[in-house]
Amino acid sequence: MSVGVVGATGYTGGELCRLLLNHPQVNRILPTARGHEQFQRLHSNLMGSDLEFLTFDDIKRQAEELDVVFFCTPSGEAMRNAPWFLERGIRVIDVSADFRFSDPNVYQQVYGSPHAAPELLPKAVYGVTELNRASIAKAQLIANPGCYVITAILALTPLLRAAWADLDAPLHISAVNGTTGAGNKPKRSIMHAEVLNSMLPYSMEGHRHGPELETHLAAEAGRSLAVDFNTAHGNFARGIYLQANLAVHPTMREGMTRERVLALLTDFYGQGGEKEFFIRVNTFPKMGGINSKEYDVYPSVADVTGSNFCHIGADYDAHRGIIKLLSVTDNLVKGAAGSAIQNMNVMFGLDETAALQTYGL
Amino acid sequence: MSVGVVGATGYTGGELCRLLLNHPQVNRILPTARGHEQFQRLHSNLMGSDLEFLTFDDIKRQAEELDVVFFCTPSGEAMRNAPWFLERGIRVIDVSADFRFSDPNVYQQVYGSPHAAPELLPKAVYGVTELNRASIAKAQLIANPGCYVITAILALTPLLRAAWADLDAPLHISAVNGTTGAGNKPKRSIMHAEVLNSMLPYSMEGHRHGPELETHLAAEAGRSLAVDFNTAHGNFARGIYLQANLAVHPTMREGMTRERVLALLTDFYGQGGEKEFFIRVNTFPKMGGINSKEYDVYPSVADVTGSNFCHIGADYDAHRGIIKLLSVTDNLVKGAAGSAIQNMNVMFGLDETAALQTYGL
Amino acid sequence: MSVGVVGATGYTGGELCRLLLNHPQVNRILPTARGHEQFQRLHSNLMGSDLEFLTFDDIKRQAEELDVVFFCTPSGEAMRNAPWFLERGIRVIDVSADFRFSDPNVYQQVYGSPHAAPELLPKAVYGVTELNRASIAKAQLIANPGCYVITAILALTPLLRAAWADLDAPLHISAVNGTTGAGNKPKRSIMHAEVLNSMLPYSMEGHRHGPELETHLAAEAGRSLAVDFNTAHGNFARGIYLQANLAVHPTMREGMTRERVLALLTDFYGQGGEKEFFIRVNTFPKMGGINSKEYDVYPSVADVTGSNFCHIGADYDAHRGIIKLLSVTDNLVKGAAGSAIQNMNVMFGLDETAALQTYGL
Amino acid sequence: MSVGVVGATGYTGGELCRLLLNHPQVNRILPTARGHEQFQRLHSNLMGSDLEFLTFDDIKRQAEELDVVFFCTPSGEAMRNAPWFLERGIRVIDVSADFRFSDPNVYQQVYGSPHAAPELLPKAVYGVTELNRASIAKAQLIANPGCYVITAILALTPLLRAAWADLDAPLHISAVNGTTGAGNKPKRSIMHAEVLNSMLPYSMEGHRHGPELETHLAAEAGRSLAVDFNTAHGNFARGIYLQANLAVHPTMREGMTRERVLALLTDFYGQGGEKEFFIRVNTFPKMGGINSKEYDVYPSVADVTGSNFCHIGADYDAHRGIIKLLSVTDNLVKGAAGSAIQNMNVMFGLDETAALQTYGL
């Protein structure tokens, strides 16, 4: 296969190249950049590979060889350029946000400008592989989900489908992203000395991925819902630590326990990767009591670093009737490049785990 | 003044000694330890000071010289030993949790054993200096608040007193503490390689400081309330990053803005330290729109590291009617040793900022 | 293949299992532990894999199925147990230090106890794959090099073989290791809050790997030499940052430049992985002058994290006649588990990069 | 006192303001900036203080009130502007590098442009307070030393004055600086995600502070010498970790031990601050043998963070005849702003520790 990576100067584009270099079926990777950057100086972890930046026109000229194009571009690029590739039978996986809403008005509200290809929106398949595999297999155009959203939706869907939550109150989601999530353009706030002993909250008045979250969680719940969504960058480079708290529906509180929540999750995903290879539910039992600080009964961001895994854990505050889910991913892998490749694998009938089998560090 | 620091082997006891070494009115510091540790090898930042560990009996023998004793001991020690000192006219500041509930039954519920000195509970003054200065000035026994609780209560009290929150729903508090908050006893989960690229959630089913939070916030609100309280250790050594979200009371939503919340906070605390020296409200205006990532309009943990300051910021999610408060402190200073000294200063009629004037790093 | 991993409770053993899980020819991994630890709770990044700890006796009972055994044990275990496996035709790769000296007296001097299997020492092949491939292919017993030593030897060998250094003066090597290098037994000094904003020097009077360095570097140089070897743990979990400074031999100073050093290295290893896949020489040119702080002209630890690559860079202090080499590896991969698997691949005639193709994060 | 801080937008200028805010004799601080930055938004740790940026002309207009001016400007500014202040009887402390060489030719060689005020060079006093106190007390113009240089010179001077080193070979100095040492201008290489799990070497062909080191160390040694000087940024924000290795002079090797080195250092500086308050020698005895990893027998960067202290430790590699010194400082305090204030205190006959008494975190 020959694969285009449009906008490969950022962390996500670099990560796509890194993973694709180990893909057994991919023999050509064509990364593009606008400026005059040197691929291997920018992505020095890939030093010695034979990748070089091309221009966007370069890969258009080689279109007949291309099987699929990934867009890792800022908002607006993919929707203007996807049609050109789709018309030529080249599949498109958009890792940006251009095709995540089926309604162009919602896109306009959230991103502030009209959608350039509204006719494609109904054809775009939202790419949470585990929840949507059949449609992805047939899709020409994938809207790859946002890193926060996929991390949340994987944890919450089993509970929303089972209707365990009281959705008259907002869901509460607090997520901490690594600083790669802030991009690789130098800014004072994300310099090393500024973040090192700190955490950086942002977009507290309403993050752009809030509506994406609400839209796709509502679809799983089968009803409207609101999300109180809170984001920050933490003192780590990669990874999302996402906690989702939901009030248990009054009719479900009787007999609710941590164990029941974990059982629901393992019923849905399997426990040892036998149902869903990339989803692992942490069911380690708690030995001590309150304040026993058994950290390993919850998932750890570090455990999924560098991998396409999503680890999910849970607990239950019985006193207040609140289920707490913890979901961790690598924001650049399962949160972006990895799930994009997972979708590519499904679209092309390949082994779904190709290029993605590495366990976390 | 001569000052005892009972249980000075931990981070809080060491921090008390560090700060007291710069206190103009304190000329003797008597730290105690149970084992055979060497003070300056354990607290190597104080290398070359003349402090040495004494036994608890040692400082009892020197009781007549003592003006005040701080307890930095595990639960249960202070309540057994405070009476001995109080009877001799020596004031006690308990940095542990023994005197934080006026009701001994609540103590027993939360800590699992009966209270050893229930007769002292009504006399203990809860030591949030900014909210309770007059009582502290007259107190013989201070219950110094937990690090999470003081960080939350300073941010929330202005809003609770103003009755802006809809308290029929739980308040949502998510707090990330530095790893000094986990103590200095070696445990696998808090080793460097385990935490470095991660965050460690704990006590998700209900943290022991949850009831302390609910009790003291309810007192400020003048009504009962519930707190959905979530804690983790982050990849920093010192500091608490605490976010408190509260649904705005329906009657208050009209016209609610970030600016109104900030104005309420600055009315309460002042802005430049003129009312409350240690409280600084971040009122920097937001220039960009949504997703503009203006990190500096919110407080930063790093800004208060090493200091007794509490920086508070706020934002408003108008779409969902949620006020978001951010409050940051150094867990070992304002969250423990610093506020304890601040209380000591008030109790003894000293300059309230003595030994505490250093700005954050 | 069936593979035993003796002593799989530490970071190296866990890493071996992590990498072997992705090895196309390995279908059974048998990790051992002495205590009652749960494999997946200890190595939670491998949660959901089917690995469980066995006892050492367990794997002895399954010896006929075993192809190779890795020892990740403390000093002394491998030399006592390797003969049992070798006698049964099972190859042994010792990741501990037991077989790194051909002379049992040197072993005794450095490790303080007599060697238990001196007859095996001449048969053990020192496992720097890139320098010793032919012997490794025929070996039954591999002495896998120490993480510092392999990182140093890969950088220095081209210069030593070319006799560019003045070896009458000691070589100066300063290396900073991640904290995984300190093991996963809880100790106060390597707790998160202790290391986070610091660096921990250790064994300054002479590190145990000093003699290993001197022995194997001397073999490459063809003469005796001394190494001034300095070690510390840095504030990162994985990786070795190693700088080796050598005085240029007076006869070679004329015309010496950074470029000449880089050319020698690329002649030796190739530049793009075509000669040696795992060695990449950073030859990016320097644009600015002194103090221009072009960090990317030198290798970065982060670039090799999680990978089996060794990136090497160089510079030349013309004023003082000193060549400076920088070599970075992941201490758990190229420094231990990865090079051990690379050796296994060579011993069994497999693709040398099997299970090791992932690029650094 | 009224104090000007010219160039207060960087980390050093901000740190000077932070420390001066706690100086009992300083009642006016006048920080300058060129652009339109807001002081409290830039230095948000000082939020709520009444400091605001002035222009350089502003403080010239208020010259009669000024007692002293600190220059925290890039090379070249101080030498052009110092005369104006000196002529008006205002003392100048240059925290930049403009007055560190007495010979204008050396300045030109190192910094690449001619010196603008060569007539002032003989009058400038090099500001290592502990070594040069008497001259500093009488000085009008202080050349405050570079952060690496002061950290090295404090450790090495006792040994150089005692002539213990074999100076025919170069001294070897390897130093790791926090990322605040790289300034606060955004650059890709010092973004959080780039440094977090790494170390950044720089200027390996010869750092600009190398000649400063050689000049001032030679003055202490009473003979010429060469320094093999190596620098990197580490994954911490503040602090210098500096190791200096020196070959023991052959005549001194007999009977040389770690203890003898430590005794020389404590003879020189005292041990508990009684001779030199800011210098603390770590003399903790080593209990274990080689590889015992007793980290606390060496100084720790974290121990001096936020303070004006310099902790010094030592060891001896008897096998190779090499004394190893470890010296740690906070690069922004003892390495810059703190020692500048210490010099100011001496110049004005104030308590030398005023504003600087805080112990490290």
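In order of appearance the chains are A, B, C and D, and numbering begins at 1 in each one.
Keep in mind that, in the parts below, a residue touches a chain if its C-beta (ideal position, glycine included) is under 8 Å from a C-beta of that chain, and two chains touch if they have at least 3 such contacts.
None of these values were measured; they are calculated from a predicted model.
A.B. asks: Quick one: which chain's Cα centre is the longest way from chain B's?
C.D. replies: If we average the C-alpha coordinates per chain, C ends up farthest from chain B.
A.B. asks: Any idea how many Å lie between the Cα centroids of chain B and chain C?
C.D. replies: Chain centroid spacing, chain B to chain C, equals 46 Å.
A.B. asks: How big is the gap, in whole Å, between where the Cα atoms of chain A centre and where those of chain C centre?
C.D. replies: 35
A.B. asks: In chain A, what residues contact two or more other chains?
C.D. replies: If we look for residues of chain A contacting two or more partner chains, we find 182, 187, 190, 194, 196-197, 235-238, 296, 300, 302-303, 305.
A.B. asks: Answer with line, ring, star, complete or other to describe the graph linking chains that touch.
C.D. replies: complete
A.B. asks: Please give the residue numbers of chain A that touch chain C in the complex, ascending.
C.D. replies: Listed in rising order, the residues of chain A that touch chain C are 18, 21-22, 41, 44-50, 196-197, 237-238, 271-273, 280, 282, 284, 296, 299-300, 302-307, 311, 357-361.
A.B. asks: Could you list, by residue number, the parts of chain A that touch chain D in their complex?
C.D. replies: 11, 178-180, 182, 184, 186-188, 190-197, 235-238
A.B. asks: What residues of chain B sit close enough to touch chain A in their complex?
C.D. replies: For this pair, the touching residues of chain B are 112, 169-170, 172, 174, 176, 182, 187, 189-190, 194, 196-208, 226-228, 230, 232-239, 241, 243, 245, 258, 286, 289-296, 298, 300-303, 305, 315-320, 322, 324, 326.
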